[in-house]
């Protein structure tokens, strides 16, 4: 028995904490074999009206960080902006025109909305669309972000930092199902089908101030909380961290499993690197959220500047 | 006398139809010498609530065109997307990640929201900020689009194509003040301070179908209608054409004067290349509009995917 | 018999004119199973000295076209240059610095030197290196152009346009083995192992003047002449056309077979879009050639500005 | 007198050590008011033949570093390479084609050849061409690198590290005129008009191994040695460091004055970040050098892969 306990404790005797479900268990999706929209199918006039009813004082709170060369960024990505200074038109009204070239993985930098072409289990994406079949040099023929459209729904902030009484959760804290339930209970709100669920960890206060730490690790949901959240049928799950989920995962055999659980298995979008300080400080737990992904043909996601309205 | 009338009508005897006002006549702006927001200062909870009250059936109508290599684009700009295919993470859950590099004047392609660093009269921009002082290699130190924030206000569609009983206005038709007034009267709506004014010309039906014609010329407002509109104090003026205004201007000495009237003189934003077919077909003349420019540090504008909600 | 002749003439009864050899027939290469240099292995001090002896009058003739936005370019590639204007250093000597961002498939634009990672038969490149194994997001782990080094050898111009008495060969003229032999005989030069063979078609006079025609089709060597040339063991084969070879191939079942014959099967480099007018006009048939590919880690080729010295 | 000597030696009593000459003292250039080529005018068949006579054993020594994401680079520049994997052509020979997008200040990265549009004194470049007049968004209308052509001339290595008996000169060592003269004397070579002068500091051994130190400071020529070298009328001056010259300059009021002395005042090219280890180890002090700048229209310089032949 000592031996057994010991094995259990060491993890040797346990299976891996989570395994991606086989294709047979997740395809076709509940929305049909041809579906490319996943939880986006939940969008409806009812959700829009429910959101609109939350607009009571007319305040707009921005949830997007500034896109700048000083922001934290995944080292395999870039954000470069080159000013193209004035082209002066020859007419007599001396109209000059400025613009700028931007070179960036624009779908995957800054506050960003993840589409379903972004993540895979092996070669397989949402609804078992294959990368090897859908990827071209200039975009994906299926699951492109241009199909998603704007998200207008009820947003719910779940403030785990406040629940724990801290400004910022510890570096690799895994948010539990109990945490979520306690915070919702404390905030007196309930999740509903079609919500946008937004989790405040406080980690966003490192943005632009300690980018190295912001990127190195972060607190967030893990496998259990992700699966619990997916069962609530949200359209998207967001947070004030780069991957939304705890990083690294406590199970070192797993690389960002929430990405697979949400995007690949359940067709739920992620909204990363949110700016949540103002929303949390004002204790706005329910609000209308509007997210407008750029309609980039065949892209895996979009940088966005979402807002909460209440 | 006949001769004189004829000359006046032909424009031969007249001076240039419009001249950019001198700095002394436009600076400091009505919002103060340090202001960078122009008509954005009109934003208020009242405007948001007024917009929210227009959400009655919960329908979201997209006003943004798809960003693709097949769209019409100014020949000095580009939109290129390069798929970066799967990076497979080494962990056992076989998580693959796709993204894409986008190279584009992302502030000035597709459906786009113009900020005040975009246009000049000589070296001078809105509120007499000088390009030579504010431009750096990596953006503008003043008037950057990141300052604007989302626009949530009442949108008003003025359908000039419908007024004229055509699918599409003629190639270089200049919309008059009378046209605007008649259309508003016919639609039974009135403009209010802080509105987003959106003009339907029908030109958008050429988008992606006859890009050469879409870019070559287009109908739209000219100097008179622009000045009349500016006096109504909108936050933005948009249309289903590349420059919002008639192009070329009937006065060949003028290069896109509406750009100067709106952005430089009055601090009113432009919203270009809108997708207005659905809105016009459904005769939705009043609605809540939400526009979320990407918060690109120091940029002249932003590609956007705005929506109407009603 | 009439029928048979007719069938032979129409090609219906013939097999395809050429088929890529199976891996068993071309791997390992004659330079060994680990080799990445192909005909580059021919480089030697003897070849360099032989080339140097051809420098008799000290004239340098440029063989590279200007890289500009006005040049003919494959539509799936780009060449964009964005001036980055003066950064003024703060010190008292007022030193300003200009540079420019270039966005281009720099290995495959303008006068260009093809490396072995550029072309495949299926998934297989020179010496049966597999794309699927050697390609990363940021270059090839094998066959990269940085391994090639400069080519300094005897260059031989074969002027087929002059042989035929024309300024420019017809649009899709396939240069035959007999053409090559006759031109060499007329020019009184013989090919030697390790030469750089350069073919003048006259097509280069369209460069920058009629880019559409330059790109649409072009005269050049076909399968038979390519195989004959490969047997002469050159280090490279070049021409004043985009693909060096006739395009399209007379056998419509073949896509640029010379690319496979030279780069994949025989490990011989191609030098495309050469500027050969001056060399041909001066009847310089033997010369020292120097080609210096940029040493781009893991790249498929390099834009170059080669010279002939005689 | 002791005091005076001391003051002179310490520099305390002196004014700034060097000032850029006024336009009146340097324009028009000795090559005429319209000249854009500077020391490039020295190129001649005689120089080429003189170089060719130095090719005695047929060895080619590469003087260019590999262009890679791992190389030292000025932080305001970038070198990114994105593999564009196989486009498979539909014909039956299964020809696949790979290429790569490169995003870089390609004229000013890696081993690089500086043209005259690169540097200024205030707004003024070589021969008093003004940046404000010659710069466009897409290149310079004058002084562009495409005008330079290949350099084929006698190269002379001056090995200062060997003179001092060290592998690498100290971090900010300023090479003196006496150093140059002593090294040349020791090496038994004399400079001649039209030479390419190449200085070995040993600093190149840090390349790719300690990039931070390679970029932070470096030994090299200062004002006195630069002016002495310019008087020898070389076509170019190169070294195994990023700026060729000592950095920072001992006079902190000067920002890279050799750049102005060579490029702006004297029209002499610079060749930076050379790979000189092999040349120095083999004590090859005289050789033919061939440098082939890419002919980029309107560019300030070119990445190159030069060679020495002897």
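The first chain written gets the first letter, and so on, giving A, B, C and D; residue counts start at 1 in each chain.
Definition applied: contacts are C-beta pairs under 8 Å (C-beta built on N, C-alpha and C of every residue); 3 or more make two chains touch, one makes a residue touch a chain.
The structure displayed is predicted, hence computed values, not measured ones.
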item	value
Chain pair showing more contacts of the two, A-C and C-D	C-D
Size of the rotation, in steps of 5 degrees, that lays the CA trace of chain A over chain D	180
Cα-centroid distance, chain A relative to chain C, in whole angstrom	48
Whole-Å gap separating chain C and chain D, where each centre is the average of the chain's CA atoms	30
Sites on chain C at which at least two other chains make contact	76, 78, 80, 82, 84-85, 87, 101, 103, 137
Overall pattern in which the protein chains touch one another (line/ring/star/complete/other)	complete
Touch list for chain B against partner chain A, complex	16, 18-20, 43-49, 52, 55, 57-60, 62, 64-70, 76-78, 80-87, 89-108, 110, 117-123, 131, 135-140, 146, 149-150, 152, 252-257, 259-260, 290-301, 303-307, 309
Parts of chain D lying in touch with chain B, wherever the complex brings them together	76, 82, 84-85, 101, 103, 137
Touching residues on chain A, where the partner in the complex is chain D	78, 80, 84-85, 87, 103, 137
